[in-house]
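Naming follows writing order (A, B, C and D), and every chain is counted from residue 1.
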Amino acid sequence: MHAQQMISTHPHVKGNTNDALIRCIEECYSCAQACTSCADACLGEDMVNQLTQCIRLNLDCADVCAATGSIATRRTGSNEEVIRRMLEACAVACRLCGEECERHAGMHEHCRICAESCRRCERACREALSSMAH
Amino acid sequence: MHAQQMISTHPHVKGNTNDALIRCIEECYSCAQACTSCADACLGEDMVNQLTQCIRLNLDCADVCAATGSIATRRTGSNEEVIRRMLEACAVACRLCGEECERHAGMHEHCRICAESCRRCERACREALSSMAH
Amino acid sequence: MHAQQMISTHPHVKGNTNDALIRCIEECYSCAQACTSCADACLGEDMVNQLTQCIRLNLDCADVCAATGSIATRRTGSNEEVIRRMLEACAVACRLCGEECERHAGMHEHCRICAESCRRCERACREALSSMAH
Amino acid sequence: MHAQQMISTHPHVKGNTNDALIRCIEECYSCAQACTSCADACLGEDMVNQLTQCIRLNLDCADVCAATGSIATRRTGSNEEVIRRMLEACAVACRLCGEECERHAGMHEHCRICAESCRRCERACREALSSMAH
């Protein structure tokens, strides 16, 4: 991913990037992939009927992360309140999904890796929020 | 759209649907289309350089609406806090996009129609939030 | 959904809409919702382990339909080859998902309704393709 | 991005990954971000009215890449024909978007970087297609 390069060449940004926000964008795209993949791996497990809540949270988290990644990417004009709300929603979605995945981490390696991705994305969302504070 | 039919046949719902939430789901998908279309129509206007903030808000609103529509559709397991956060983010995105589109409504019919769609979706999100209140 | 109203007010369209394409856009958004909903309802069934292929096709079909609906909405500039490829991919995704849902239609009402939605969307994609033929 | 780690732990994959497909998944997510970012940077340029076709292709390419990345991620059950169609559509979307961005590469650094991302993603889609050939 080249979010840093792309955003630093935006005409209004001119190299003056918010690095916390850029890390967050990259974690959002990465977590969207991890959650899509974990939902699918859970669906392939023999014990899928014990993983339905995990799949639900994975799918929701993937949707929030993908939307947050796109929205946080945009630098033309401004829409700070929406970015802030989405970063908050994304931190919550990642926290809940990470907690659920953690419960299955001992049994399913994909849940363990996905939980780590959710934790990193949650932290990145919170740091991006702090970096935007008035 | 057949969200009512689809969700009422979910094994855990069994006809006992939250009608405010279902209306909201339909408005989210509809508003995602309207905002995608308005961004594109603004981009096609000769005065596009005066519509860049409108396009930005349209694109962000389309992303939030699409994610909210998917997330609010799911009824297996539970993820109430994420649904709530997304309904709030969506109401904000729709309010801001609707206000911006309203400014161009006299000049651009697509902005007038999109503003209406945003208002309906904002209201539907707020009603869905009320319907979920403890 | 107000795709007709939105697209007919695009500055380059000026009321001269391709009605087959607009019907297709509406079916794509509708089918994206139906497939998201059917994946979730299948996940909530006791016999979920017999529905994993159906869930897989539902999730894929929802992704293709959502992307196709957005792309087919845009009228500024041109990107005919991509629209055409996506309409073809969407027709295939809908056919395969509709066939799989049809297999469970006697047992699960959500699969029966979703199969109908997939069939309508497949047909709408094919009619949109014909309407764009040279 | 940890697509390799995630997919190699899928219960049906068990470490036996298709590396060309995994590289393609990562390029799809990366290109979705680059195209979203380039559309936004073009929108922020003073000469936006000369970049409307580029923005159109960027937005379409972002949609195709995001859908292709999700669909190619899934390994439960099978849906080869849809993956194949989406990889083809994605290669076309990336080729056309990359060619358009290339035209502005001398003037806009974001177009130059995005063109490279599109080229890498196009190549990765074609290599993934080859790797799936019967």
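Definition applied: contacts are C-beta pairs under 8 Å (C-beta built on N, C-alpha and C of every residue); 3 or more make two chains touch, one makes a residue touch a chain.
Every value quoted in this text rests on a predicted model; they were computed, and no experiment measured them.
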Measuring between mean CA coordinates, which chain is farthest from chain B?
D
Contact tally winner between A-C and A-D is A-D
What whole-Å value do you get for the distance between chain A and chain D if each is reduced to the mean of its CA atoms?
19
Need the CA-centroid distance for the pair chain A / chain C, whole Å please.
27
For chain D, residues that touch 2 or more chains besides their own:
40, 43-44, 46, 52, 55-56, 59, 66, 70, 74, 76-77
Which positions of chain A touch chain C when the two form their complex?
39-40, 43-44, 46, 48-49, 52, 55-56, 59
In the complex formed with chain D, which residues of chain A make contact?
1-3, 5-7, 9-12, 25-26, 29-30, 32-34, 36-38, 40-41, 43-46, 62, 66, 69-70, 73-77, 108-110, 113-114, 117
Any idea which chain A residues touch chain B in the complex?
52-53, 55-57, 59-61, 63-64, 66-67, 70-71, 74, 76-79, 81-82, 85-86, 88-89, 92-93, 96
